[in-house]
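We call the chains A, B, C, D and E, going by the order they appear; numbering starts again at 1 in every chain.
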């Protein structure tokens, strides 16, 4: 193997990012529910510190962080590696999880006094497991290790869906589990084929070894489609709306904001790092078509929804579509590798700003649900009077989804649009614009209700602590703040990328 | 032709067919329990492909490459955990909908989604 | 000497195999569940016993032989229990119907 | 001769799999699936993978089988049915599956030749671990991170299953034993466990150097424990009971502790200090075996049905 | 940074700072009172800052503020109207329970609107344009009536559409440009070399025409402007529509000229000018009539810009700005006047009516008023061809519409001798009225380059007087057909969209059906298999 991972001095941070939450899971299982929330919050804070440390190391060093686990070099052993994109993902994950943790701490403390009940304890365990699984996905370099991480993710996400134990959420969870399982099995199958062809599962090595051959083609097709099933891209989105709409608000927030990003991230790595250039182009075109259809179709579906959370869930499927139209736009060229293109930055920014905006939206919707006991949009007239902060959070997050300046979503869409125009993809440009209009439609439907005069005096069923609303607002504000990034390729996302001699280049 | 009859190839092909059979069961069978069984068949087929890969990689005094074999062991445990979770969900769902069915809808509950 | 042992092994294992075959035939041909059960458990117990006996001389070590006997014993126990449980179930089902 | 056996095995395997899919009666299908598990065990032997064969028979066939059988019994008559595919849909899906199988077969046939392998690397590196079984070396040394995370997966599945209990009885015990324990079962539960425990410990112990290891041993132990509980000889444990939780967490915790120890005394995370690799690995395996046994048994037992005895 | 630079920054940031201040409870309670102050820095900038250019905030923000002649003219008039309308609102809405919310939307719209006149870089132009567009929604729906909500919905849909057109146009404009956020001037100068220039210009015209309300994209305007509270109507109709005008001024290549697109603008402008009159005379509500008059006047502005584009004449932008500022002040004063008239009775009523009549007829070109000045100033540019003739006839049409308006408001006033308008409303109205009469005189020599004395010649007077008389006469004839009233509903062709509604609904239902179908398990499973085969097949064939 020509490529050798070498542990960098601060590579142990990657191990910590993956393992710290695992330690906390074990501690909660061992110690019982009493201290669950405390352990979880401490760990999330530590996770944020680790994430920031990773980002700072990346900026300071300008190269990727690597860690060879146990000193066993790949292909026999497993390596972890974080480049700029991974670093950004890790920080985003830590931020969103921290905010959701704060939200859940108040919310779950609300329901019963001790916070030692079934849903509470399980929630904290699953949240920490999610943190570990997401970080493992973002830093994994080994395809099978990534499979285990994906399964960990699924197993943490599924019980979150049916935390409230109602029949319909259990049904949604089962459907989610089966479809995700199907997806990860297809991924595993592809892993087997790749091992059989190249004798390694290390992504760095594969990026140099991969050639166009039938085994790799079959493997890539299976893996990408399997991951699509987990990412719920149209037309494989059957499980997402009921699952994300049925889960408790903090769970929906992490599911929509973070969990479906992990398979997307892996598809990105497969297409850009593993697939040979021609194959990457073919797969990229197909993914872009699916992404475009997803944007248009599911935005219309979001417009049609009568319930707030279902609307947000459909909007997630639509927004995921934007991440897939990046592939042909970021194809790059001989002198401009993909990660120097503006589309690469736009895609990454879309990923991050959607995570922030969507979690804010779900949390705000959770506050609304908690306050009114329902989330039927038609009956929410004037909720802005009662819950002004939540309405503001929803509105700000909506700005980002619509791509209205100044917001992260705007910068992302503007970059993608520029790329679409410059690369000669008018249909993608039209899709981006139409998607923005439709998003405007469904966000506006809710805002209009929030500002309307209530038909009858509003009755709030349960007072919601202000803290909950402020968490949602903070996330939405973060999504808007991203809009002050400059409109150009972002250097941080290129860290560690140039080291990979690119498979996508001749 | 004889190459196909090597265990390393034959059972790989066998695994490929099992994958198809498992997929068919998962997608078309109306009973949820049988879909879980289908997942296990699909899994078995995938593991056989791994096994074939391992067998082909015999060398250095070993009859097979130990790495894919170890992966399969991990995979089997994960698949079992998945089945257990799915079965538990299924049981819970049936309990819940029986309770509901008595209360609300006497007719056969038709799936809502 | 060796030849004699080998012949004994062959004979015993073949008889065991025949018994298994008979059991299988019974499973297919007998009219009702209880008699099928009877055929299978009888033939299998005996067949397995014969096979194990036949293989014993071929064992390379004492512990290997012990393992073989363990296998037979465990199979005996589990088959007996399983047959019992099945028969019970059939009995109860018939009583109900 | 062996080719014929292989062909027969393959044909039988496929026929049985088809039977599992086509059979109308749920119970028969599941029993056929159990048989499929045994058959797969044989196939794994033919693929020179005794470790996998043991795992497949113990977990893939046995564990999953009992899980499914229990589920079938619990669901009988009210199993959830969703809409199936229409006739045309079935045909289309069947055609699609056939194409996938064909493509996959083609890919398998087209795999690189000579096959790339890590067998030399694995056997070269095994000296450093002091182990004799390369599969164990892969699981607990080279790719120990996978194994560690996989333990968390199992634990998480258990947490997920436990979370399905109704609020009031969360933390209670599952219901495993039937209302009236049949005599033969009770008899078996008295006779078998001593054997089973010996076999389990043996499997774990030889795992370092010969086929066997934590999963296989853990499954046998789990089966014995379940048997005893099913026969009503021991009560099922409360999910909240500290002893159970400690056993569950013990294995991964020890694993983690030794992994972190690697930072101080060896090259880093999950690295074993030279010369101590084997004893440390055996210690990890011992703790993991117990954890796996407890976790697998609880996975089969399902969520709580009785309020915790507090 | 120089003093004039500071003033420019203050013009943009002061209203935003006030809006931010409204986060505090205490300030929010008094928010209505500061509305009059918010545009003062902008007014100061328009008066004090000479032609200047100040780039502020280097990378990564790159906010550039530029004040040129057309920008300054528009900024001054707009700031004056905003200030006066703000004072009016402080009085008329003092009892409104939702006044603080109104004030926040007001400040945001104001910041966006005034900022547009001075911003010099592409990204911030778009940002402020969006701010002005979306914040205006809050003003439109303020009264919360069903009509207001309907107007708001239609407005937002079209505003977002305009945003989309502009965004793609800006992206296409800047895509080939190395700098991510270039100056508007430099990209427009490079436009002629851009292979996509026709598409870009078409999209700009589409986007800004939506904002201006050119037919057939005007439907939101006659619905939205009357729905808002009176002071908001004044600024919406007076200033916010000018966002489209300044957009066209900034982004169309007047130096290089584009005859084809100039012709398009002229065509749409003339159609709009007549269409606004024709539909306007059928309306019953005074505010709606004024809104249609705005539509018609925007058509005239489009013609002016079209002529400039056609002839590659940059001076057209100044003349357009001059015409626009006349319209800003007059239309603002007319809307405020409706409010004042409603509160006036007795002897003063006649006086107020007289003043209103002068204002109204000014739009038609009453000699010695701003309207006459604007028409005379633009005459030379139009030449003596058919365009000039069409414009003159449009002036006659304006007179018709204004006579109709005057008759309508006179009918609406109830004679209540005791009523007298509060000073808080009267003074702002009088201020705007006075400004509308005086400012154009002051600007005339600068813009047209001719002395004011020329305006007093009898020939010049007659030039503007005869179309007026023609219009008035036509209206007298039209009065014989009272059934025309109400013949065309407010928002005219938007009613046609209602016919399309079942179609849209059916399409949407179809999408829902498809979704339900796709989300069935076997279907999704089949989708998964099919995708795998497709992708695998495509990859293998390539391999």
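The rule we apply is simple: contacts are C-beta pairs under 8 Å (C-beta built on N, C-alpha and C of every residue); 3 or more make two chains touch, one makes a residue touch a chain.
Not measured: the values here are computed from a predicted model.
Visitor: Between chain C and chain E, which partner chains are common?
Guide: Touches both chain C and chain E: D.
Visitor: Starting at chain A, how many touch steps does it take at minimum to reach chain C?
Guide: 2
Visitor: Kindly list which chains stay connected to each other once chain E is removed from the assembly in thought.
Guide: Without chain E in the graph, we get one piece.
Visitor: Taking each chain's centre as the average of its Cα atoms, which is closest to the average over all protein Cα atoms shown?
Guide: A
Visitor: Quick check: more C-beta contact pairs at A-E or at B-D?
Guide: Top pair by contacting C-beta pairs is B-D.
Visitor: Look at all chain centres (mean of CA atoms) and spot the one farthest from the centre of chain E.
Guide: Taking each chain's C-alpha mean as its centre, the farthest from chain E is C.
Visitor: Could you work out which chain's C-alpha centre is the most distant one from the centre of chain A?
Guide: Chain C.
Visitor: Mind checking the centre-to-centre distance between chain A and chain D? Centres are C-alpha means, answer in whole Å.
Guide: Spacing between the chain centres: roughly 31 Å.
Visitor: Where the CA atoms of chain B average out and where those of chain E average out, how many Å apart are those spots?
Guide: Whole-Å distance between the two chain centres: 65.
Visitor: If you average the Cα atoms of chain A and of chain B to get two centres, how far apart are those centres in Å?
Guide: Those two chain centres are 27 Å apart.
Visitor: Which chain C residues reach two or more other chains?
Guide: Touching at least two other chains: none.
Visitor: Please list all residues of chain D that touch 2 or more other chains.
Guide: Each of 82-85, 89, 93, 96-97, 100, 103-104, 108, 111, 115-118, 122, 138, 142-143, 146, 150, 153, 156-157, 160, 164 in chain D touches at least two other chains.
Visitor: Can you tell me which residues of chain E touch two or more of the remaining chains?
Guide: 519-523, 525-526, 528-529, 532-533, 536, 540
Visitor: Return all touching chain pairs.
Guide: The list of touching pairs comes to A-B, A-D, A-E, B-D, B-E, C-D, D-E.
Visitor: Considering only the defined contacts, which chain E positions touch chain D in the complex?
Guide: 520-523, 525-526, 529-530, 532-533, 536-537, 540
Visitor: Applying the document's contact rule, which stretches of chain B touch chain D when the two form their complex?
Guide: Where chain B meets chain D, its residues are 4-5, 7-25, 27-34, 36-38, 40-41, 43-44, 47-49, 51-67, 69-74, 76-85, 87-94, 97-98, 111.
Visitor: Mind pulling up the chain B residues that touch chain A in the complex?
Guide: Residues 19, 23, 26, 32, 35-36, 39, 42-43, 46, 49-50, 52-53, 56-57, 67-68, 71, 74-75, 78, 81-82, 85-86, 89-90, 92-93, 96-97, 100, 111-113 of chain B touch chain A in their complex.
Visitor: Help me check something: in the complex, which residues belonging to chain E touch chain B?
Guide: 519, 521-522, 525-526, 528-529
Visitor: Along chain A, where are the residues that touch chain E in the complex?
Guide: 175, 179, 182-183, 186, 212-214, 216-218, 220-222, 224-225, 228-229, 234-238, 241, 278-279, 282-283, 286, 290, 297, 300-301, 303-304, 402-406, 413-414, 417-418, 421-422, 429, 433-434, 436-437, 440-441, 444, 448, 451-453, 484-488
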